Every structure is written in C-alpha cells, then in structure tokens.
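Input: structures, listed below.
Paired with chain B in one complex and with chain C in the other, chain A is shared by the two complexes that follow.
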Partner chain A sequence: MENKKIKQVMSAVFEIPVESISDDASSDNIENWDSLRHLNLILALEEEFGVSIPDEEVGNLVNFKLIELVINDILK
Partner chain B sequence: MKKYAEINVGDKETLIHTIIKSDIEKFVQLTGDDNRLHVDEKFASTTQFKKPVVHGMLGASFISTIIGTKLPGDGALWFSQSLEFLLPVRIGDVLTVRAEVLKKNDKEQIIELKTEIHNQNRQIVTKGIAKVKVIETEVAPIEVEKKEDTPKTALVIGGTGGIGKATCIQLAKDGFNVIIHYNKNKTLAEEIKAEVEKHKQKAIIVSADILNDADIKEMISKGIRAFDKIDVLANCAATGIPNIKFQDLVWTDFLQQMEVNIKSTFTIIQAVVPEMIKNGYGKIINIGSLSAEKPNADWSHYITAKSALIGLTKSLAFELAPKGIRINMVTPSLVNTELTADIPVKIKLLTAAQTPLRRLALAADVAGVISFLASEKSDFLAGENIRINGGQAMI
Partner chain C sequence: MENLKYTEILQLNKALVGTIQSKPYEIGVLSNVTVNSFEEVLEYSCRLNQIEPKVEIGNFDNIVQDSVVLKNKDLIIIFYDVLNIVDQISEFFEDLEEEKYNNLKNKLFTEIDIIFENLSNTASVIFNSFSSAYYNNNNVQVSKIETFVKELNAYLEQKKTNNVSIVNIDKLFAHIGFKQSIDYRFYHSSKAPYTFAFFKNYVAAIKTVFLRNTGKLKKAIIFDCDNTLWKGVIGEDGIEGIDMSPTSKSGKFYHLVQRIAVFLSKRGVIVGLCSKNNDQDVLDVLRNHKDMILKEEHIVIKKVNWVDKASNLRAIASELNIGIDSLVFVDDSNFEINLIKEQVPEILTIQVPTAISDYPDLILKNIYTYFNSVLNSDDAKKTELYKQQFERENSKTAFNSIEGYLASLEIQLTVVKNDKVHMQRIAQLTQKTNQFNLTTYRYTESQVDHFMADKKHEVYAMFVKDKFGDIGLTGVCIAKEDEKDPKNVILDSLLMSCRIIGRNIEFVFVSHIIKDLANKGYQTLTADYIPTKKNAQVEGFYDKVGLSLIENIDVTKKHYSLNIANFEPKKVDYIKINTELV
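Entry: the complex of A and B
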C-alpha cells in the first residue's frame, strides 16, 4: 500500500507519470530529482504519511527502495 | 656470451685476420689519421721502415673484437688496456690475436686478460693487458620460467563460500584445475566439483580444518598427489562478522578474526610455499576488505584482522617475489553473499546507492579479479591490492 502511495508522492513532486516510476527509480534515472525537489519530496512524504523523517535519513533517501524501507521503519 | 661464473683463469680465445690495403684506407677514412708513414709508399721508403706501416691501433682494434665477441663476448665492458707496439705490421701480414684470462675479481666480476698479437712469423707485434667487466643481462631466474602446456592447478581455500565457489568456477573457465577446499559442506563441494568438470577441468575436493596444522599439511599433500603441483593459492575462507560495539568486545572476538584471517593464511602459505619455490613459480591471492581502508563502526575486530592481512600480504610478497612467488590481494566492498546475509537491507541499499556503479559487489566480480591475479597476465604484480568496489572508494 505504502509502495503505491510513495510512488504517487514521487509522481507529484517530480511531475512525471506514476507508471514511469519503477522499483528501481532513483536520482540516477529521474531527471527532475535535484536537490530542491529532494527537499520537496521529504516534505511531501512527511505530509502524506504524517511522520517526521529524521535529519540523518534525509540524505539517504536517494531511491525508491530506500524511501520505502525508511518509511516502513518509521511507520512500525 | 659467457657468464662470469663460466670463465676460468687460463681460458683462451684466438682470432686471425690478414691485413689488406683497404683496411688501412677504411681506418684512415674513419679516424682521419693519414700519417704518410701509413699511406704513402714513397714517403715510407725514405724512413727506416722502407715500406708503409699499418696503424698500431688498427691491429690493436682486433683485441676489441676478441673481447667483444669471444672472451667474454656480448656485454663485455672493456675499461682498461695497456699496449706495447713491438714490431711494425705490414700489408699482407697475417695477425693472430690471442687473449688469455690471467685473473678474476669475483666481487666486481672483472677479468684480466693477457692480450697478444702475433704475425705469421710467430713474432709478437703487440702486447698488453686488458681489464674487462663482465656484464650479464638482467634476466632474473624467475623470468625464464618454462611455459607449460599442462593446466595450472589452483587451491581454493573456502571453496564452498560465496566468493570461493565463484572463484572455483571462474578458474575452471579460465583453464585451471581446481583443488576445492571445504570445511563441512561436502555436498556443495561436490556440486562445485561437477561444475568445474563441466568446463573440462579436473577437480578434487579436500576437507580440512584450516585452524589445524596437520589438516593443512594433509590438504596440500593430497593436492600435490592429485596434480603434481600447486601453482595458485586463493585464500577465500571467511568467518562471520558480528557487529560488536567496542565497549562490548572481548579479546576472543579479535582472536576469532585473527585466527581465520591471519593464522590460517600464514599456516597455509607456509605449507604451500616450499612446493612453489621448487617450481620457481606461484601465485597467492588473499582477500582483504574495503573496511580496512574505509572503516565502519562495530567491526574493529574484523578490520584489525583485515588490516593485519594487508601487512602480511605485502611483507610476504616482498620476501617471496625473488623466488617467483607473487602474492597479491583483492579488496572488495560489501559483497552479496551468505556471509553478509545478516547485514541490514538498509545498509546494503545505502551502500549500493552510494556506489558510483550503483550496486553491491558480486562474488563473480571478485572471482574475475582473483583469476586475473592467478593468471600469467598479472606476472609482474607483487604486493598489489586490487580494489573491487564499483568506484565507492578511489584511493
């Protein structure tokens, strides 16, 4: 479930179709994923999931799999 | 050419040359010495010699020929010569140039030669003493190895581990026979043996406790009985790496890592090296860890042992390279194997994300480099550490 919601957030932030976001999506293959949008992504994720992402994790969320892992950890 | 050791006091060499008019013309052309005594018959007739006299140094130059081509020959460094010109040499004279070893200086590899030039009447026309340093070409014994058609044999320690298994298979693909060491997993060892044989190479499996000296000796002995030789040793054995905070570490945690990484490596190398020295050739590959250069927390016991392995590899490489044994190591970053199965997924994902090539190392990546170090392609590497980390650390 979170999987789908994360992709929707990413789609909105990066302004790309949700279908184009694969499990291997990362800052390497999403052209719009720059440092400014990365901060927007963190804020959007926090808002969507009602969580606070710790500062030390912010820099780690550089691909879909890591975002999924961290969000799931926080939601546990 | 003669080697210094092959030259004995009393050794002699001879060459014969008949002086013709064109010799003088060429000598004049080369040196510019057109002294009329040598080239002008009319002038010569007015002197006590009555006929032209051949340049003394023309005759003496044949001493150079005998030293440079016969005694000692190629590589001779002729650094001193005394000369007395006792009788004139004429066109048509048949010169016999003789050199005889009078003395040897072993420390400097210098020989002293009596040099004499006789004419056809057995009269000495020129004599002197030559000093020559015997220069030998810089070909170390290890470079003149015989290239064999028979496949090389590799002993893979920890052959049933992740990197060990990939190494056995890669070596077989690259034409090595393989001695597959295993500790307990005989079934897997036999599967790997079958895999090696699919690549048309021979394999045996050998069980040994690598912390037991007798087991190690027996393992080496079995390998040599099966293949007559061991050319390559790949030390792929590893033990688990528990995460332990420094304050919780006990000395036995260090010892466990030191025993597998250092004691067993040391004992196995010591057991296999006499065989490699006998063959004048050997390759040994140890496996390091990126953590020894780019440390992480909670692994000080493991990092200490791997750092010690760097020292062991370099010092042995230095000591054994002159005997033809090349010891090198590979240093992978985090490899996705059973050994690292307990490392949290997040760490693996983060490591991959932070690696320029965006993935973890595979056992096959490491095996490929090990096979390169086992091959003759890497014969000029000794004490080298090849990092396999996808660009994660560029040192």
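Entry: the complex of A and C
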C-alpha cells in the first residue's frame, strides 16, 4: 500500500513514469534526483502521508528502500 | 490552488504545458536562498490565467550579478533574505559593534542601489521586504536586528523606481502563520527556508502584478441580486422581507459587500446586475429600500429578466464593448455558478460562501487580485463615462445617418507629446488595452518615461471630449526612429480605449501623427499589425488609413509602409483637433 503511494510521489516529483521506478531506485540511477528535487520529494512525502520527517533522516532518504523503511517506521 | 498538494500541482501544471498559444512571459527569480517548489507553483498559477511562463532561476546567492544577466526579463522576482545575510557575519547580531553594523548596512544599501539601477528598464520587478520575524523574540524591547531590518525597508521604499513592487513579507507571515511559512530543517540543510504553503500564498499575493502586466485584469463586476446583494428573495419575501441592514445579524455582510461595490464604481470599475427577477421589483428595491446603498447611479448595466445568465453576461460584455474575460460574476446559486463555468469559462465566478461572514473578505481578496488597485483619478471618472456612452448610444437612433450623429457629438481631440504628467496613465493603457491595439506591446511607467526622454522616440497621447463630457486620455501612439534608416519612422504602438471606437477618431489621430512626423523630417513610415485573440477589429486598420501592405513574409504579422509625401489623410471634418505639440 505505502509502497505504491511512495512510488507515485516519486514519479510526480522526478517526472518519470511510475513503472520505471523499481525497488532499487536511488539517487544514483534516477537522473532527475538532484539536491533540489530531494527537498521537494521530502515535502511531497510529508504531505502525502501527513507526517513530519525528522531532521536527521532528511539527508538519508536517498533510495526507495530507505524511504519505505522510514515512512513505515513513522507511521507505526 | 490553496488546497492542492505539491504532487497535485506538479501533475496539473504538467497537463497544461503546451495548451497556451502565446509569446512566453519571461520571469527571472533572483535569490540568496534556495526557492525549491516556487517554480512549479508560479508556473501553474500563470497557466491557470492563460499566461505561458518561462521561468529562469538565477544562481544561488548571486542577486547583484544576476540583476545584469536577467534584466531583459518581463518580470524579475527578488528574494533577498535576512536569514542568509545574518548567517554571513561571524558574531551574534545583537553583539555587533557599531562600525561593523554600519559597514553591513552600507554594503546592503549599495547593493540595493546597484540592483535597482541594473533593473531600471526591466518591465516589472517584485522585491520582498526584509523581515526580522525570524529573530523577533524580544517582545518588550527593540532588538538590533529589528532596527537593521527597519532601516533596510525604509531604504527600499525610498530608492525603489516606479517599476518596483514591494511585497510585505511580514503581512504574509501573519496571514499564514510564521510556523507554517518557514521550515528551519530545510534552511539548515539546504538554505531553503520557505515552505510550500508559503509559496502558494506568495504567488497568490503577487498574481495581480503579472495579471496587470499581461493585460489580464478584469474590468466589470456583475452581481446577482437575491441572496447576493441582500438576504432573501424579493419575488417571494417582498421588499419588507429582504435584509441588508448594517445592524442586523446577517444583513450586515450584504451591506458590507454593497459598500465595496459602491467604492468600486467610484474607482472606475463597471458594476452591473444580472438577476432572474421582475425588473420592476429590483428597481423598487434600488429606489425605495432604506438600506440599499448601491443605487442606480452606481450601476452601469442591468439585466434583470428571465433569460439565462450565460446569454445575459455575453450581452453585457458586448454592450459594454469589453472582452468576455474582463467580467467577474457573483452569485449565490450553485446552479448559476456552474452554468457560467460550463458555458462561459472565460468569466471569473465568485460564489457567495455558505459561511456568510466570509463573504465581504472573499470579495475583497478577488478585488485586490483582479482589479487594478492603482488609485488613478481617470479611473474614478469612468463610471460617469460609461453612463454617458449609453446616452450616446441612445441618441444614436435619433439621427438618420451615422455621420449626422457623429457631427452632433461635437467631438474635440487634444494631442500632447512626450508629456510626463500622463506617464502613469499611458503605461496603464498599454497594459490594459486589448481590442484596439495594433501591436499589443506592454510597457511600464519607467519604459514610457525612457521613451519620452529619448530623442528617437515620440510618445503621443490623445484626449477626447464631446458634448456629453470629457472622456480623458484614451489614445496612445509611440513612434520610433528606424535604427537602420534615420529617414524612416516606425509606429511601434498604436492603441485606443474601446470607449471611443466607432467615431472615426482613430483616423484623425493617425493623420495628425503622420503630419507631425513629416514635420520632423521623416520621409517614410512603417508599421506592423500583430494579431492576437482580441484585436481582430483592427486587422484592416492600416489599409483604411492608406498604408501599403508589404508582401507577407512573416505569417505572425502584417507589415505596412508609407511614403509620407504621398499620404492623403481621410477627411473627417466634424472632429476638431487642438494641438499642444512642442
């Protein structure tokens, strides 16, 4: 469930089709994932899940798996 | 837009890309902080208003240099944030010695001078005021940072040129709430202090500037009557049963809206009624209800009948001779609002809110965005003028020939040249005029100022008067010498307010200008007609004046030329012309 929502957010922010986002997606293999878009990704995730991502995690969310982990952790 | 999420705006904005066919409106953003997510919000807001934006974000913390690089944009937006200014000093600000304080202040003053100087010919500049809200936690004393910010803001106000609008950031912070506006997490990690909520509100606040610059402000506000100007239904409740009393519980909100409508009519906005009612019932309220402060004298046009409102609003636009997209329509009914949205989507609709206490504020918010808030004395006279126009229309029928009618108007023109007193009104006309406008170039006050001072430009302004009254400054022409051929003069802009069209005034005006340019020694003249969605009525104008169409090379415009010696002005002997040419 969250899995799909996260990918939809990533798709909108990075302007790429949702199908192209694999579980291995990261800032290394998504070309549009620069530091500016990273901020917008955090913003979009926070809005989508109604959460606030802690300061120390913001810089760490550099791939899909980490995002999933942190979001699920906050939602618990 | 306020309630949309970031991803929603991304998607909606993307869907609008390529749907607007017009020359891009170029916006440059200069900032000393990171403004992520601003670009998409700005783009989306432009596209919603039929403006195709081209946004360029300058280099980070490079405002002064970028004010040179990006000065040719249509609009420059500057975020010069105190946060990042203070971060660059090595002491606690409150502990700053006087000498260092003054050095910092003088450095900023100089930068402001350079920025304004570099951007002095840019069409429009938005500069955010400096804010001390970030630091203001000493509530019983004035801190050093507050004094610093006050001095900077006073300097901004003092130095700003007339193409600059200052956005009061503190008012925005107060409106949204500071905690909702600033996110320190992102500031400390990426120098990006502003939240998405802030940018949505910020764009809503500056929207009026880019609407004004692209000629998209509204001209008329049309009200429904029942449950819009008063509480109740006149046809059912009767004149005794409706309520707009300033002292009753819900009547007072309608009273407040009427006050706003009266104010607007005094400021040159066309106020009208469009209501499904018996005309006599509404007239009775207008004339005889003791609480009715909006009177017949404030109302320019009235469609009280049982015809559908889409047809009525179309008729209103055509009778007033204004574009359908210049109308704002206010109604309480879901049905009517949706009908207009569906049938005439160009009209901006405002639905009376169910929480009636929000009603006056909602109207005001739209007024500040969509109506030119410049208090211009000429605008104030307009209501009277539109009424006179109707009297003119009515007396039209009494004459057998249109020429006879026009002669009876006793039209008098006065043409002045390079007169700086009228700079503001001239710039406003270039920005607002859509229909009788040959090239639709938009100019700001500072650009007009520049043309007036420049020897190779002539700025003509025309005043019109007839026996019904003084219509004011309603025609503008800007001519410029051809850089490649100093014997040739180019008609850069020619425009007239739609209020005076249909009386052959345009021919007298143009003939006069050509004569004056001939006296200055020009031998040939060239001019373009650039078609837009709205100026089809002047497509053949230069043919009628007697200019020759040059082989159509460029499909986006028609190019004309004239050998001035062969020019034969059209005879219109019933229009008198007074000149105050220098």
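Just so it is clear, the second predicted complex is superposed on the first by the 76 of 76 C-alpha atoms of A that agree within 3 Å, B and C clash if a C-alpha of one lies under 4 Å from a C-alpha of the other, contacts with A are read in each partner's own complex, and residues count from 1 in each chain.
Just so we're on the same page, contacts are C-beta pairs under 8 Å (C-beta built on N, C-alpha and C of every residue); 3 or more make two chains touch, one makes a residue touch a chain.
Note that the structure is predicted; figures quoted are calculated from it, not measured.
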item: Three-chain arrangement built on chain A, chain B and chain C clash or fit; value: fit
item: Partner chain(s) touched by A:48 [first = chain B, second = chain C, both, neither]; value: second
item: Partner chain(s) touched by A:39 [first = chain B, second = chain C, both, neither]; value: second
item: Residues of chain A touched, compared between chain B and chain C (which is higher); value: C
item: Partner chain(s) touched by A:26 [first = chain B, second = chain C, both, neither]; value: first
item: Partner chain in contact with A:70 - chain B first, chain C second, else both or neither; value: first
item: Partner chain in contact with A:62 - chain B first, chain C second, else both or neither; value: first
item: Per-pair minimum CA distance [chain C against chain B, superposed on A] in Å; value: 18
item: Residues of chain A that touch chain B when the two form their complex; value: 26, 28, 60, 62-63, 65-66, 69-70, 73
item: Of chain C, residues touching chain A in the complex; value: 5-7, 10-11, 14, 34, 36-37, 185-186, 188-190, 192, 195-196
item: Interface residues, chain A side, partner chain C - complex; value: 8-9, 12-13, 15, 35-37, 39-40, 42-44, 47-48, 55, 58-59
item: Complex contacts: residues of chain B adjacent to chain A; value: 345-346, 349-350, 353, 358
